Each structure stands twice: as structure tokens, then as C-alpha cells.
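The following blocks contain the structures, represented as C-alpha cells.
Note that chain A is present in both complexes that follow, paired respectively with chain B and with chain C.
Let's look at the complex of A and B:
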């Protein structure tokens, strides 16, 4: 087994608010292999984005604080780096694309300026060379007439095209890891498929690792090697895409899968997991999913950490329920 | 007599209004803005008028026949006539000459004091808003303390520290006016820094100062320009007030502000030309400034282009 490119262990990011301590990320661990794709799935507020922001040092502090854990990237712990050292990694070695391409580009600056800015920040490069690289990056993400389009403003691009520009911006410095935070949420379905295809092919061409954050299991299914399911800041289930989809163990994952609307289902009402995600500052003492769980037992509500069950070699589930379900 | 200013020559020298509607990009934000500005007729009219007033001010010694300071007490105040187009004041000085010379001080004070206030205000507000937290709190409370001090005292302090000269007056006025600007900019920045493109810039490792300069400040320009065009008349009038107190322009030098305040007393003596003409000049200039400022704001917003 090859060495992991990014090794996150027991990451804890808490927010200290007036309402109490919010454990946004509470003990998340994962390994990211070179050239592989990791999918992180969960509802809004489950801590997916905060996990990534913690790694890049983009958590506003205060109120946020990384309380514990390590995140080794290429032999260095990202969490102990100074602000300046982190800045040299961001955009150059780990870059990130955001959910909403409509607001992720500065309306006052030309695409060219925003693309080359990343290069000027990280490399000694002439403006002519930077421009050439920027045009190449736009061509790489499939923007037609890149040499022309580069001098346009963001509002002259459609949503899908803007997301391509964002991807070009993230890739221009040839990072080793690309984090995509809900890259397709704000796009319509046909464009979503195109962007996912693009990410997949770019990953293959550039040999980088990809972390894709989403609440859409469909996105994860097509693209991920490994899937992490999060709930209320905690890991719920982890495994290969096949493990998660076909050998689902955790009741929460099952609920998520059941709530995907199916075109061949005539049911008049769509399935949803009953209840709401817990208030992050008042989590249940035991399993955080216990109040909404359809198969919960007395033991689930008891104070204490829920045991991690090893289902198979790379498949883990954080649940009291014995393997195979009951 | 050739005192007349050749208006048509100035008009001809302006660039013709561009009707190039293609989306093809220019070279920079400013080049694009210029192209869009030229399409706005009112803004162009305003700009032409301002250039005209500024040229007249610059060329004052060559355009005027009379001296702005020599008195003719025998002549006294006469209404507008063939020799004195805008009449003379009670000391027999030609009003047109005094207005033209006054425009030198007033335009300078308008431009310099406003530039000083924009420079300080934008920087202070941007840093305060962007850094946020305790620094923001401290910077804003300091500003409020300054704000609570009476304006006149502050100017006097600044003038005493810097020494009394007309240029220090500009700086002193700018040093007062920046406070409102700083608040406006800070408010803008607080909302702008939550935008995703700031987050994206941070995620690509852009330095904080570069983010402020390249991403935050351009996005605050709209309100800044509008407020700057409002600051110009404010400082012109404040200069008049300070001159009245003896802190600003000293007689026999004139400024629009001093001419207007002199003219107010002349109203009772039924010499309306002493107030009407300085006021008209000030008014038209401010109107032109507002048209131009409005056009500039629209031009600087890439989304406002209709093509």
C-alpha cells in the first residue's frame, strides 16, 4: 500500500459561541491516497466544509479553534504551520473550488487578472508567461476561444462556464490536491454532469488527488474511490463507493440512500429521514443520530463514544448495530 | 479686447463619443471604464465643463484684463456692463476676475482636500473592516472620538501643528473629511469580505494586502466616488467658513466661498450681482461634478455596460 498524501487524524474544530461550544468537526480521520478521489457526504451543517477549511487554515479564529488532531501533508502537519507557510500551500499545492460560481469570482476583475493572480502569488513569472499559462488553463477546462474569453468579466460567462473558470483558477498552479466544495450544487443537472466529467478527466491527466464535498450521493457514486459519511461533525460510515451503496451498514446512510428520489418510484410522497439534525451546540450524549434513528436501542442514548465497527477491510461504521443489521 | 475664453476650442479637443458596442475587451479596468464613460452624454458634458473651468483657472493671468486685488474706490460697485461683464464689488474690483482667481483656490481645495480624505478614508476604512474584531472596534471608537471634537478646533489644531499656509489648509480639511469616508468604506468592506471571491482568493494563497488592494477596494469604488463628489462642495464651503475666521484664504486673494460670504452682506445693499454670479459658478461646477461622478460610478462597474 502506498503512502497517503494527506493523512488526517482525529481532527477537532470547535466554535466558541455565546450559545455554547459548537463541535463542528469532532474527531474526523481519513487518508487520501495520491491520485485517488475521496467523497465526503453529509447534510448541511454536518461539518464537511469546516473540515476542509480547517486543513487550509481558513477557519475564522476566533470564534473557531482547531482543538485537536493532526493533518500530515507530505510530511508536515498542516495544523501547526504559520499563517505564511499555510499561504504558500494554499492555491499552490492544495487548492479549493467553491460552491457558487456566481459569487466566487470578483465582478470587478477580468478573468485574466484573477487567474494570473494565483501564479504571481506563488511563482516568479513574467506577465506574458502568466497570461499564456492562464489561456492554457482555460483551454484545459474546455472554454472555447480561451485567448479571447480571458479578457472578459465574470458576468459575461454563464454559470457552468464560471465554474470552469473557477476550476482553471484552482488548477493553474498544478496542485497535488484539489478540494471541490459542492462544485455542482448551484448548477443545473446537465451542466453538473459536464463539470463532474471534467473533474474526473483533469484528475486523470494531472494525477492529482481530489476531495469532493457534497450532499448529493449521486455525485459521489460516480466519482469517488472512497466515501466518508458525516453527521453532526462525526464520522458515521466510511468505505469504498460500493461499500456505501451496496453494503450500507449505518442507519443514517441507509436513510440518505432511501431519500434519493427515484424516477421509477410511483410513491406519492418522497422519503425523508424523520426529525431534524441536532442543534450543534446541544448534541445528544450518545450517538448523535439516535433521536432520528428508526432502529435505535437503549444503548444508543447512553453517554459515551459509539464503537467503530469494522465491517470489512476498508469499511467502517460507527454504530452499535451488529454487522449485517438487526 | 480678447478676454473671451474660446469655448469651442476646448469642446473640439474632447474625444468624440464612442459608438463602439463590441464586447471585445479593452486592456484594463480603467480603459474599459473610460470607454463606457464616453458613452454617457451627461458625464461627458460634466467632464468638458470641469475641464473648461479648470483651464480657465489655470490660465487666469492670461485671460483676465483687470487685477483681482487693485481697488478702484472712485468706481465703487457697479452693476454688470460692457467693461465689467459681471460688475464690480464695493471696492471697485472686477467680479469676473475675482471669480476666475477664486476658482483657483476653490478647485484646488476641492480636489486636494477630497483626495486627501479619500486616501485616508479608504485605507483606514478598508483595513478596519477587513481585519475586523478588536482592531476594527478600536479603530472605529478612535474615529468616533475624533468625530465628537468640534470641527473648527480640529482644523485649528492641524493648522497650528502644520503651520499656516494655503496648502496646509487643504490637508487640514482633508484630514477632517476622511472620517465619514472611512465609515462608508468600512461598512462596504464588512459586507464584501464575506463574499465568496474573497474566500476564493484566500484559498489560493493571495496575501491579505493584495486582497484588500485588488479585491476589496475596487468593489467599494461606487459609493466612494459618489461620496467624493459630495465632499468637493462640502470642502469648498468649509474653506469659505475658515477664510471668514481668518484661517484660510487671506484678502485680497479670493475664493468662491469668500466671494459668496461677501455677497451675502451685499444683498442688503441691493447689489445682487455680487452673490448671484459666484453662486451660479459654484452651482454649475458642482452640477457638472455630480454628473461626472455619477457617470464615473456607472462606468467603473463592469456589469453596468449595456453591451
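Let's look at the complex of A and C:
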């Protein structure tokens, strides 16, 4: 097996608020292989975005603080870098696209300015050359008449086109890792399908690794090699896409899979996980999912870390339940 | 048990909703219109759920609002249990409102933050004088809270103390309070977390079985629509392009737009996803200010032919399956 491009171990990001300490990310580990896609699934507040923002140093400190863990990218620990060193990586070697293309582009600046900014920041390049690269980037993401469109302002683009501009901006410096945080949630389904296909083909062409954060299990199923399931800031289950969907171990993952209506079958009764996700500042003492779990036992509520079970070579589940047990 | 009868509780015919666009400060002149809904007819039976799907901007919410008189349609009639509500005003309009209620998408915006749960649920009961006295009012409110799965102990709390799913339950209790015949649910689960969506969908189903209420369920999520609906209408740029029973529509979609929509939805199954052939549409929805000529879908359709850009397709009926489709592929 080849070397992981990004190796995150036991990442912990806490927020110190007046209401108490919020353990937004509490001991997350994962490896990202070159050229592969990692899907991170979880409900809102499960810590998916905070995990990624911690890696890129985008957590506002205070109130946030990375209290532990390591994140090795190409031999350096991202979490120990100075602000100046992080700037050399952000946008150049690791890029991120955000959920809402309406708010993540600057409405006052032409798309051309926003696209070339990255290049001027990271490369010694003439403005003519930068403009040429920007037009190429727009063509690459399938924007028609790129040479014209580049001088337009963000409001002149539709939602799907804006997300393409965001992707072009993220890819212009040819990063090794692209982090996509809910890249299609704000888009319509037909446009979502276009953007997902685009991400897949760009990944193949450029050979980059992709981390896709989403709450939509369907999106994950279509694009991921590896899947990480998070709940209340903690890792719940990790494995290949097939492990997660066909050899599901953790009761939360099972419940989630059973509770989504599917377009390709008619279920007459849908399972629903009872209760609500816990308040992140008042997490249960034991397993965070215990209060909603249908198979919980006494041990699950006990104080202390839940053991990580190795189900198979690359499949882990954080649960007391024995392997394959009911 | 759910029971759909033949009785039509809501009948809308030929609804048009055009929002005028004005220009000029002093001499305001009408320069155009956003044609949000164009000639939609729909009949909803007692105890039935019609799912209305389409992309954002297709006019599905506008249609929903026209049906409950939150908008006054430019033309067309709406009847709720055989009373024409299109031109009613004032007191007589208010008296009919208890027959049709609405649940909105965003439970963070649709509940008044300065009212307690009790005030929110009791307000429609007071307006329509559904309760004789205070103790009856209190009992009705607490019964409603139990029915939607909230503890009656929460009556003195404010909306901000609840999660999204719980707030949507409050909104449902409020809509249900006046025993409506029709509830228009405008994207009731799309603002909620995945594990909570299933709870709300099941709650809506259970309440329907209990109260025999009819839903117009507006959503962009075809999977949720498939789960909850009896019949499904697919909307594109202000028109219903396909309308059939749920099973018929999902087994046998006819309109190219419906097919593309279905193939765009990701399925939570890696093997299915890997082997799937996607119909990818090009481009985005055209502007409703300036509708394409002929069939409105011809600019993105992958089965387009010459006639499509010139002639608007008529509705084609398949009588044996009660399937309606507006597409030249099926015309003579």
C-alpha cells in the first residue's frame, strides 16, 4: 500500500464558550491516499467542517483551540505551522471549496481578479500569463465563452456556474488535495449531478485527492473510496464505501442508512432514529449515541472512551457491540 | 389506516401567477412579468397526498401559496371543499381559512420568536373560536402537542429553545389545530437533519391516517416525495409537465425532464451508483421572465427535435394509467 498523502491522528478542536467547552472535534483520525476520495458524513454539528478548517488553520482562535493531535501532510505537521507557512500551503497545495457559492465569492470583484489572486499569491507570474491560466481554468470546469465570462461579476452567474467558478479558483494552482465542503447542498439536483460528475472527471485528470464533506449519503455512495462517519464530534465508523454501505457495523450508520427514503424502492414504512443529536456542550458521558441507540447496553452509558473495533483490515467501528453481533 | 376517497377537497383550475416588473421612479411602467405559474390545474382528493417536485425557481412554492390565498393568482380559480375562495375578502375569506393551512420550509423563520409554544398553537384556535373556554383551549393545545410528539410540559417555552425538528413539530401542531381539510407543506423537511427528516415524514403520514387530511407536499427531494405521495406532479418553469400516480410515475417516467431528474438523484448504494447511466442536463433553468418559445424545456432537453422550439406541447393523456404528460414525444 502506498504512503498516505495526509495522515490525521487524534485531532481535537475545542471551543471555549460561556456555555462551557464544546468538543466540536474529539479525536478524529484518518488517512488520505493520493488520488483517492474520502467522504465525510454526519449531521449538522457533527464536526465535519471544523475538522477540515482545523487542518487549514481556519479556526478562529479564540474561542476555538486545537488541543491535540497531528496532521502530517508530506512530512510536515499542519497543526504546528506558523501562519506564514500555512499561507504557502493554503490555496496552493490544499484548496477548499465551500457550500454556498453565493456568499463565498466577493461580489465587488470581477471573477478574473478573484481567480488570479491565488496565482499572484503563490507564483511569480505576469498578469497576462495569469489571465491566460484563469481562462483555461474556467474552460476546464465547463464554463462556456470563458474568455468573455472572466470579466463578469459573480452576480452575473447562476448558482451552478458560480460553484464552477469556485472549483476553478480552487484548482487553478493545481493543489494535491481538494476539500469540498458540501459543494452541492445549495444546488438543484440536476445541477448537483453536473457538479459531481465534474469533480470526478477533474480528479481523474489532475490525479488529486478529494475530501468531500456532506450529509447526503447518496452523494457519498457515488463518489467516495473511503468513508468516515462522524457523530457529535467523534468518529463513529470508518471504512471503504462498500464496508460502510454493505457491511455496516455501527448502529448509528445503520440507522442513518435505514432512515433515508430512496428513489429506487418504495418503502411503506421508514425507520427513524428516535431523539435528537446531543447538545455539543453537554455530551453524554459514555458513547455519544447511547441515548438514541436501539441496541445500547449498560456499558455504553459508562464514563470513558468507547473501544475502537477493527472489523476488517481497513474498517473500524467505535462501538461496544461485538463484531457482527446483534 | 389511510383512506383516499373520491371526494375532491381542493380544486384549482388554470392558475396563472405573473409578478409584474416595473421600471422608472416617477412614471412607473410595467416592463415585463415573472411568469411563475402558467396554467396549472390540480385536484386534491380527501386523504390524499400529491407530491409537487421541481427545481428551485420552477414555481412550486408560488403555486402552493396561490392555493391557500397567500398570493392572489393573476387568473384561475381555487375551490376548497366546493367553496370558491378566489375572490373572497375579509371576514368571509377568514372563515374559510381553517379549511386550508400551510407548513413552511424554515421552522426558524416561520414561528414568532416572541410567542410561547402555547400562544403559537392557540392563536388559530382563538381566531376561529374553536374552543368554548380557557380550560378547553389548554386541553386542546396539550392534546395537539402530544399528537405531534412534543411533551405538553413545554407549553411555556419559546421557539429558540427547540431544535429544528421540534420547531417543525410545533408548526405542524399549529397547522393541524383548526382541523383543516388541506395542508400545503412547502419543503417541510429540507431544512432538517437527515435523521430528523424521517421522523417528520413519518409524523405527517401518521397524522394523515388519523385525521384524513390531504397534503400538497412540495419538495425538491424526489425520494421523500416517493415515500409520502399518492400522486406526483413534476413542475418545470411554471407548468406541470407530468402528473401520474406515484407507482406509475416512478416505474414509467415519460417526460425527458422527469427522467433526467430521477437519474440525477444520488442513491445511497455504491454498487448502484457505479453502474448507473446518468442523463446529465446541460445548463441551468432559464429565466422565468423570458420563457423559451415552444416547450419551455427544449433548451435543456436531450431528446429535443424541431417541433419543440416552435409549438407548445399539449397535454397527452394515457387513460389506462391516468398518466398525463406534456411532451411532443407522445403527441400525434
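The working rule: the second predicted complex is superposed on the first by the 317 of 326 C-alpha atoms of A that agree within 3 Å, B and C clash if a C-alpha of one lies under 4 Å from a C-alpha of the other, contacts with A are read in each partner's own complex, and residues count from 1 in each chain.
The working rule: a contact is a pair of C-beta atoms (placed from the backbone, for glycine too) under 8 Å apart; a residue touches a chain by one contact, two chains touch by 3 or more.
Computed from a predicted model, the values in this text were never measured in an experiment.
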When chain B and chain C are modelled together on chain A, clash or fit: fit
Which superposed partner A:151 touches (first chain B, second chain C, both, neither): first
Partner chain(s) touched by A:194 [first = chain B, second = chain C, both, neither]: second
Partner chain(s) touched by A:71 [first = chain B, second = chain C, both, neither]: neither
Chain B versus chain C as contact partner of A:241, first or second or both or neither: second
Touching partner for A:300 - first (chain B), second (chain C), both, neither: neither
Following superposition on chain A: angle at chain A, chain B versus chain C, Cα, nearest 10°: 80
Minimum distance between Cα atoms of chain B and chain C in the superposition (Å): 10
Common ground on chain A, meaning residues reached by chain C in one complex and by chain B in the other: none
Chain B-facing residues of chain A, complex: 56, 58, 62, 87-92, 95-100, 103-110, 113-114, 117-118, 121-122, 148, 151-153, 155-156, 166, 169-170, 173
Complex contact set, residues of chain B against chain A: 23-26, 29, 133, 195-197, 199-207, 210, 214-215, 218-219, 221, 300-303
Interfacial residue positions of chain C with respect to chain A in the complex: 55-56, 163, 165-166, 193-199, 201-202, 220-224, 226-227, 246-247, 250, 260-274, 278, 280-282, 284-285
Residues of chain A defined as touching chain C within the complex: 43-44, 158-161, 188-194, 196-197, 215-222, 224, 241-242, 245-246, 255-257, 259-264, 266-267, 269-274, 276-277
